[in-house]
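Two complexes are shown next, each including chain A; its partner changes from chain B in the first to chain C in the second.
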Partner chain A sequence: MTESRIRYAVLAALLLALAAVPYVSGKFFVYLTMRVMLLGIFAVGFNLLLGQTGLLSFGHGAFYAAGAYGLGLFGAYVTPNPLLGVAVGIAAAAVVALLVGYLCVRHTEIYFAMLTLACGMMVFSFVWNARSITGGDDGFIGIMRAPVTLFGGLRLPIGKDSQFYYFVLAFFVLAVWVAHRIRISPFGLVLSGIRENARRTEYAGIPVRKYRLSVFVVSGAFAGLAGALEALLESNARPFMAHWTHSAEPVLVSLLGGLSSLFGPIVGGAFFIAMREIIQRYTENWMLGFGVVLLVVIMAFRGGIMGAVENLFGRRSAGAGR
Partner chain B sequence: MMQSVVHTVLAGLSAGMFIWLVASGLTLIFGVLGVLNFAHGSFYMLGAYMCYTVLRYVGPDFWVALLIAPLSVCIIGYVVERWFLRYVYHLALPYQLLLTFAFVLIFDNLAKMVWGAGSVTPPDLSTLNGTVSILGRNFPVYNLFIIGVGPLVAAGLWLFLERTWYGRIIRAASSDREMAASIGVSVPALFTAVFVFGTWLGALGGGLAVPYVGLVTTGMGETIIIEAFIVAVIGGLGSLKGAFLGALVLGVLTAFGTRFFPAFDMFLTFILMAGVLLVRPQGLFGTAR
Partner chain C sequence: MQKKGINRRQFLKLTGAGSLVAAAGTIGGGLTLPKGLWAATPAIKGPIKIGYQTVLSGTLAGYGEFHKMGLLMAVDEINAKGGIAGRKVEVEVRDSTLKPDDAIKNARYFVDSWGADFLGGIDSSGQALALAPLMDKLDRVLIVTHAATEKLTEDFVYRKGVRQIFRNCMPTYNDGNAAAFIAKDFPAVKWATVSPKYEYGFTCWKMFRETLTKLKPGVSFTAESWAPFGTTDFRSHINTILDAKPDGLYSTEWAGELISFLKQAKEAGLFDKIRYVMLPVGAAMDVLEGMGKDMPDNLWISGRYYFQYPNNKTNNEWVARFRKRWGHYPAYVSETAYSCVYAIKEAVEKAGSKDTGAVIQAMEGMGMNSPAGHRVFRKEDHQAIYDVPWGKTKADPKFPFKVMGDMKVLPAKEYFNRPPFEGPGTTPPFK
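What follows is the complex of A and B.
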């Protein structure tokens, strides 16, 4: 078998394993797997910006919240159709990302990080204060999971978690596939060029700022998708989604998993959620435990989990070659 | 109307001074070390908690507490720089930011464990409760004192950086690390000193905030660090002058927003920031890059 065939076989096996989760495990594990997939969508999109383009945003929670509130408001005032709701959530996130991005992409590095942070917190305070629209600090509650209607007639209920799981899984696979296509597209190649040397890319006649803005909006749309799905999962949207500590989550899991690969952020997300569950089982002070783990990762394992795995295999194969 | 406007300006100025105290340390550390310290808000919070602790268990004299508390937080700042931050200066930006973010998580949680998740109220500080009549309405003397402290710190920093030998060395190291090292400056020790001094400024702000706010919470650091970030962006990163003016403008604007347009107070800040950045992307006093 060639390498690409092995890769397809592994992917198919992983997909089957994911599809089998509701059949073989308890409710809680199904729920946790959904949380991993949501964080995975969030982080895979985010990594198009950080890993691919080299821009560190600390404001992506705002787009996550835009997705969640977009779906919630659309469901409450127009129609509870979940597919349309998700589309509206993604569109809302993209619009907010376009506004924020327009202000921020003229900067890079630390200036970009702080600007996105400040803009994200503005969205947070808007959501927090605009009580009549968003429900303020109570959150936007009572979001329903209406059945999905496909091809005009086929109605699929997603009310139960075991049914909703496949709704999330479908979007997860779609999101990862889209991110993969973007990474290997000419557009993705330009983004890598911008990361490696923005000035040279500019000299090659490429409008760097437009590309930065485009990928910012794309990654914002991914965040919006994750937010809309979480709103459906939890039946609410909370202002905390836009808070900067939430914006830090994709940064964390991307670094935990490894920036340079497509699946790094997903592995990081799974690790993050598993660790949070384990720490919370023993102590209330999970922030402390997590902070310490983060310190250790930054001080000692900078390639992330994927980097560590690659190192391990790299060393092995190098040893075998000798 | 006149009375209302003057009082709003005064309230805004005193709020702005706290932002300035945090932003000054943040800016100084960024200017010299090149690291943006998320944990700076935690130093502010720890300064307030330490001040509360000294007042509670050592003695009710606020000025003694204000002397001891920031110095004790400096020890924490020393540990952070000497044993952690020092090893990430050469790393990419996300690692530096996340390292300081890890300290935010750790300090916030430790504060919750030591002082409880709710707020704590300091013992009676009624000696500081005097008021003075301005245009026929009472204004707290302590807030006037705060309005005086801010410019004093600014002047002190300016004199120190521009007029002393140490200040010259700090400026030299911030403009060219390698050159400073090659003429015999111990750059690592200097960085530690600047970081600890920045920590002291943040913790001093926290200590001063205790009588002003009247209660100490774990969330107070997170709120002010965001404001300090906004100020640093508006003023131009690394510019102390910009941070000072930015803090005053932000404080006054927020006070007017809260007073006259309560629903949009944060929006005014946003409009200010967006406006400044559209006209001068590098901030008011930032150098064009």
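What follows is the complex of A and C.
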């Protein structure tokens, strides 16, 4: 078998396993898997910016929140159709990302990080203070999961978690596929070029700033998708979605899983959620144990968990081949 | 403040020990066989499992410890006497971190993974409101023991019919409405506030203003200063208030922030200039103990429970037992956590079942005795009705901190908003 066939087989097996989750496991595991997929969407999009383009943003929570509040407000005042709601959430996130990105992409490195942090916290304060629109610190509550209507006739209920799971799974697969296409497209190659050497890329006649802005908006849209789905999952949107502590989550899971691969952030997200859940069952001081585990993983596996796995397999296949 | 913590291992040991005693009781004596309604219906299978969440990390972690002290006392006492309807009580406590998404995750864990029959706890209003819409899906009785927002019971239980939610602590009615009933007797006519810049602060101040205006036409509200969560330096807020020269100050600051505010206000001489000060959650033990002798005299304080009220056998004995075991006076969350377990006991034994539907029916309108006095869960909105005192801070040589003097107790019925919660006759004063 060729390498690509193996890869497809593994992907198909993974997908089947994911699709089987509601049939073979308890409700709580289904819920946690949904959380992993949401964090996965958030982090995969984020990693287009960090891993692919080399820009570290600390403000992606703002776009996540834009997606969640976008869906919530649209659902409350226009129509509760979840597909339209998700679309509106993504659009809202993209618009906010465009505004923030326009201000931020002219800088790089720490300046970029600080600017995105500041913009994110501005969005947080806005959401916190605009109580009549957003519900303030109580959050925007009472978001309902109306059935999905397709082509006028077909109605798919998503009220139950086991039904909503497939809604999330569909978007998760779509998001990962889109991220994959972006990574291997000419656009993605330019982004890698910018990461490696922005000045040289610019000398090649490429408008670097526009590319940065584009990928910023795209990754913001991914965050918006994750936010909109979470709003549906939890029936609420909260100001702390826009807080920098939430913006730091994709940074952390990307580092954990590995910046250089498509699946790194997803693996990191799964590890992050699973570890926390496991440690919390043993101690109430879970934050301490969690911190230690994260420290060890980040220190020990350079290139993240996926980096370590690739090294292992790379060595093995190299050994077998010769 | 000296804290007597409990770690998980001790905690397991305690609950384990409790169950041993219970088991020994049933095997050894044969006299502790279940009696009452549930004796005829052994429909209850397995232990009664309570999933309890409270804040155990961050600056407010002390509140979580106080929750746990009350909770564990109730569980051990009940298990030592044969459990609930002959069944052992098991609890698991999780860190709620005060974040709404963690509250949801914990609740899902408790119900879907751990197999909880009941849920309890919840400190912040945001968490309560985030969890509320999920409760009919989770379909377990949730007893909220700290979050005070009236929206929880008015909107979710009464209007939307989420019948799984109950609350056994004081809602914001005590902070807003009752404060106005106390304040109407003061000569003060100009009022100002320094309060938290979030929903709780806004809601209480609004309620206070509206009720006081109805009770005493002619009062005015001259200054508002909102302190964001995490404020440590209150000087600018204090100056805003002093510049407005009000007669009275109302503040729903709480916990560590209230301590900082009081200390800084004292230094600025605020209590010499403003004679009437109302602190609806000033009677919390962390504040009283934290301020110690520095607490100014003659401030009006209240809380969701205060250990010297009611002055009866049940309460005094409970306070003594609590002090003996933990070396502390019980905080209000200790009382609500303790009474939460007893409410579950009463309801399950009354219903003869731990099924959610049957328990809800048993709890609606149910009355029970508790350290805080007699509680009744109002049928319409599932809010527990009980009385708490207001009073003025004063020194007492028997205590290392200031206590509540000149207690005034208003009947809760007179200042709790009434169903249907809109239109005339639903907010106090009632005729």
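Everything that follows uses one rule, which is that the second predicted complex is superposed on the first by the 312 of 322 C-alpha atoms of A that agree within 3 Å, B and C clash if a C-alpha of one lies under 4 Å from a C-alpha of the other, contacts with A are read in each partner's own complex, and residues count from 1 in each chain.
The rule we apply is simple: a contact is a pair of C-beta atoms (placed from the backbone, for glycine too) under 8 Å apart; a residue touches a chain by one contact, two chains touch by 3 or more.
What you are looking at is a predicted structure, and each value in this text was computed from that prediction instead of being measured.
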Three-chain arrangement built on chain A, chain B and chain C clash or fit: clash
Chain B versus chain C as contact partner of A:Arg7, first or second or both or neither: neither
First (chain B), second (chain C), both or neither touched by A:Asn236: second
First (chain B), second (chain C), both or neither touched by A:Met287: both
Which partner reaches more residues of chain A (counting touched residues only), chain B or chain C: B
Partner chain(s) touched by A:Phe126 [first = chain B, second = chain C, both, neither]: first
Chain B versus chain C as contact partner of A:Ala118, first or second or both or neither: first
First (chain B), second (chain C), both or neither touched by A:Gly142: second
Which superposed partner A:Lys27 touches (first chain B, second chain C, both, neither): second
First, second, both or neither for A:Arg181, with chain B first and chain C second: neither
Stretch of chain C penetrating chain B in the combined three-chain arrangement, among 3-11, 21-29 or 57-65: 57-65
Shared chain A contacts, counted only where both chain B and chain C touch the same residue: 285, 287
Contact footprint of chain C on chain A as seen in their complex: 26-29, 31, 35, 128, 131, 136-139, 141-142, 161, 230, 234-236, 238, 240, 277, 280, 282-287
Contact set on chain B toward chain A in their complex: 30, 36, 84, 87-88, 91, 93-95, 97-99, 101-106, 108-110, 112-113, 222, 226, 229-230, 232-233, 237, 263-267, 269-270, 273-274, 277-278, 281
Footprint of chain A on chain C - complex, ascending: 7-8, 56-57, 93-95, 99-101, 104-105, 108-109, 112-113, 125-126, 129-130, 132-134, 137, 149, 151, 198-199, 202
For the chain A and chain B complex, residues of the former touching the latter: 50, 56, 58, 103, 106-107, 109-111, 113-115, 117-119, 121-122, 125-126, 129-130, 244-245, 248, 251-252, 255, 285, 287-288, 290-292, 294-295, 298-299, 302
